[in-house]
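Two complexes come next, and they have one chain in common, chain A, joined by chain B in the first and chain C in the second.
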Partner chain A sequence: MSAARLNRHLYRAGPAALGWPRQVGMGWWYQLKMQAQSGFVVMVSLVQPLIFASIAMADQQAGNRTLPLLYYALGAGIMGIWSTVVFGCGGALSWQRHQGMLEPLVMAPAPLVLVLLGITLGTATVGLYSMGATLLWGWLIFGAHLHLVDPVAFVIAALVMVVALGLLGLVLGASFVLYRNANSLSNALEYPVWLICGLVVPLSLLPGWTHYLAYVLAPTWGIKAMRAAALGGDPWVPVLWCVVASLIYLGLGVVLVSNVERLARVHATLTFQ
Partner chain B sequence: MSAASLSRRQGSGNFWRVFFIGGLISYRALFYWITPWQYIPTMLAAPLFQILFFVYLGRATGVGSSTFFVVGNSIQICSMSGIYGMTMALANERQFQTLSPILATPANRIALFLGRGLPVLAAGLQTSAFGFLVSALILNFRPAPSALPELALTVLITTASCTGFGMALGSIGLRARDIWLTANIAYFAMLLLCGVEVPLHQLPGALRVVSNLLPLTHGIAAGRLLASGHHLGAAWPYILEEFVVGAAWATLAFLLFSYFERQGRRTGSFDRL
Partner chain C sequence: MPRASPSIAEPAIEVVDLRRTYRTTTGTVRRRRLEIEAVRGISLRVEPGELFGLLGPNGAGKTTTIRILCTLLLPTSGEVSVLGLDVVAHPREVRRQIGYVFGGDRGLYDRLSALDNLRYFADLYALEPRLQRQRIEAVLELVGLAGRGKERVEGFSRGMRQRLHLARGLLHDPPVLFFDEPTIGVDPVGAREVRQLVAELARSGKTILLTTHYMFEADSLCNRIAVISQGKIVAEGTPDQLKAAVTARAVVEIEAYGVPELTVQRIRELPEVENVTTEVREQAQLLTVQAREGSQLTGRLLQILEGVRVERIAAREPTLEDAYVALVTVP
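After this line comes the complex of A and B, so read on.
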């Protein structure tokens, strides 16, 4: 078999469809374990959300508006998940490249997108720490009432949102790799998404044009669903929109990762230069 | 000219050369975010979005006027440079394995140490000035023109004070394994503790004691007084307190630096990571 044919064969070959969930699952599990060991991730997903939750809840107590404390605790939790995703997933592909791992990953018969999917889903799952931490913190320190109107819907909404953010992380990872300083881009993207998605500021306070941006971002639907499940309302429509957003992110992620892989092969830039 | 006088003159020249040129070169070599691709997202865009985020959070909670958050955040963002920049300027010598050669030179340690603070101070001033300027443009922040020089003085003293605090963190970074985690936590904790986002009276008594020992707290209080039309006389005690706090941190930083240098010489642990 010629080198080109062998290469084509290896490139096209992959695990059987039934092996794909296993591959994503193992990637997810290893990423989860590795991220839990990282001091930076613990800071981003635990310490930072607690600080922002404290700020929002202290301001709520000092201010004259009456949104419940749980409103802010939930928002600060999702802020933590977003931070974990934007830092962990935004630089996922760049980091593999920087570490010299992108070459072996691309050479492996497994589709690169599945490898990255495990990484981004695992990273988004770690963000769930922040949700638990801010809820507990709000209850312990600020006396927030943790009564959930629909606990089942709440758990489903949280899981759907984590998957959606993991898939959005796939899109970020494949996009940020085109930018040499992915980490700087992540620095700049934390606050705008917190603000635009209405995580602790109601969307009604923001200019109308920002709503269009909010609707394409999964955290908007995630926080709507979780607030509806926790405080009352219909959580299922936002959950459905979260699922729709996830499917769009998945399609976009597959296209972008394939494109990055193709360009890196063509230009021989799989290793960091 | 006597030999002693010539030697003194050369010593003085060397001091200023190490202070100015050495400081600038170390900044260019060690400050991660120096290229426009990193500087703009991290030192300009992220602080701008931070100001917007907290101004809207203030509107959502009804805790204070936009001016409260504009002044607090526009002054606080100088600590991006003060904390991270100064940590980079000192701790990165160890990270890049250049600490031993530098400490093998007979260069004056005070010049070596303080010279690194000057470019960091300038970058911090630039970030704060950008914050105030953008707030004036998009958030209708309008301090009295007569208050601007006094506000500029307050920002200068506060930025210097943050630089002193960053020097202490950077000095610890000469020995600590992961100073970035500490620097990150310090940066975000200061948002809560220094009266940037939450009125100080809202904090528990023990935290208020900590607030008084940190940079920013007094400078922001002075900035808010000046922005609301008070004269320098009213703000002066706070400015003086900010200066004393900054000087105390810088002194502590130099003592730590000297201690870790002696310890490193004794144990040969300069470049141990």
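After this line comes the complex of A and C, so read on.
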């Protein structure tokens, strides 16, 4: 094909005609493919949640906790998803920089926000390993009943939460692009969010001011929706709040990414040095 | 008023009084702000279809210049345009028109196959899905990786990675290409193939800006060359014009054993000597002496080298490398 003919196709097509869903979708798929082969990601999303799930379920069987085993298995699963998002998004971007990939990605004409969105959604999806692992572990080792009251609502709640966490990862990731030592920030964000979102202890045990923080974090609504769908209750209100949180994250992510791209070009922070 | 569509009437690349300063800090307790001027007032113009070389030592400002042209860095001041498009005001439009190929191992997804790497970037470059397969096959064929597309990149040799970099840069068939040391670390056969490909692309009408450390590469490929040193262009012209600047000089090469530093210093102090470089070759030393006139030079050098085992001494024609060394060496 001649260069002129190819260029005509390119200019007529353009990113808008090709469609952002394809650009995000392909980014999601390739990120999923790469993360699924990463030993570190598999370890973060499997080993740690299984340890927390085992402690909580053993405690329940010893009579110290009163809620069903499934309640704890779900909590540990979401803790794993959050860890994957925090480490995955921070690590994925510093990894992109370390691999020399940030420059080619920024240089592509596709908006950077779409490129990063594919990466963070792929990372959040890998987090579903945790959920599957803790449920299976609870069933196999502790004899947890995996009966879901509303399986359809459960699947919808899980998918909405993954998208919300992917978008929250975009906000985190956008901030991480500017900082070369992103992983240290990841460490600082893991435990507080587990606590604040009610994954370790019920929200009612925490001081009142922490509730306001919990309301803006998607895992709070995600765990509420999934527990309601699995154990009984109304899952749709928390699902709706998860969607609202997602839209806020998306808006924030778009603003942050465009700002981050400009600042990275000013401060020369796209390369690993 | 800045334009947002490419123009073929203007120079393919135009840089006017480009400056770029990096700000950094030093010290642990007493932090001090440092300003490093990487590029200090560069101006250059590359015509459509030209293969232009940017030569200079490490830290001269070549990569900073190329990164600004590729929209990866913002200039501190000055005007930079590609096909008439301002790189600051219209980065996205510029990105559609350019391909950037850099040297080295990094810049590819190791856990993906070569095909997946190219497919992903074909999407990011908005190549229509029905054209992607055709175009990917064409570039893999062009860079000599046909049949290897399904292999994971982590198993690729350095040369194969470099060819994949090239394939990605050519995927959207951009009219302007930037090559940043494309043969660095590639074995001689692979480097020759890369050079052949660059030459073919230039013949097909692409505008190419190439940075390299290898003089023979610039000499054999480039229509014009700019030599950059300490952030400034110190010479510009065709390879022959740059060589002509030193043809009036004499170049003497001496291969000797155990030349003391004091002796090298005495050679440097000769009034007609402009420049002396030393290079270790196994156990021997190769001294390259550039002087303003060479009628009596060999005899005077032998006098100074008395007591030193001299294996070979010979005068030769100045090369582009001699011109380059003369230009970038700080007296």
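General observations
The definition used in the following text is that the second predicted complex is superposed on the first by the 249 of 273 C-alpha atoms of A that agree within 3 Å, B and C clash if a C-alpha of one lies under 4 Å from a C-alpha of the other, contacts with A are read in each partner's own complex, and residues count from 1 in each chain.
Convention: a residue touches a chain if its C-beta (ideal position, glycine included) is under 8 Å from a C-beta of that chain, and two chains touch if they have at least 3 such contacts.
A quick note: this is a predicted structure, and the numbers were derived from the prediction, not measured.
When the two structures are aligned on the shared chain, A:Q99 is found in touch with chain C, with no touch to chain B. Contacts of A:A56 after superposition on the shared chain: chain B is touched, whereas chain C is not. Contacts of A:R65 after superposition: chain B is touched, whereas chain C is not reached. Residue contacts after overlaying the shared chain place A:V201 against chain B, while chain C stays out of touching range. Using the contact criterion defined above for the overlaid structures, shared-chain residue A:M26 touches chain C, although it does not reach chain B.
Common to the chain B and chain C interfaces on chain A is no residue.
Touching chain C in their complex are the following residues of chain A: 1, 3, 6-7, 9-11, 13-15, 17-18, 22-23, 26-27, 30, 33-34, 37-38, 98-101, 103-111, 115, 262, 265-268, 270. Those residues of chain A that touch chain B in the shared complex are 39-40, 43, 47-48, 51-52, 54-56, 58-65, 67, 179-181, 184-185, 187-188, 190-192, 194-195, 200-202, 205-206.
Contacts from chain B toward chain A in the complex involve residues 33, 35, 37-38, 41-42, 45-46, 49-50, 52-53, 56-64, 178, 180-181, 184-185, 188-189, 191-192, 197-199, 202-203. Interface residues of chain C, counted against chain A in their complex, comprise 22-23, 67, 70-74, 92, 95-96, 100, 102, 104, 106-112, 116, 119-121, 123-129, 131, 134-135, 138, 168, 172-173, 175, 204-205.
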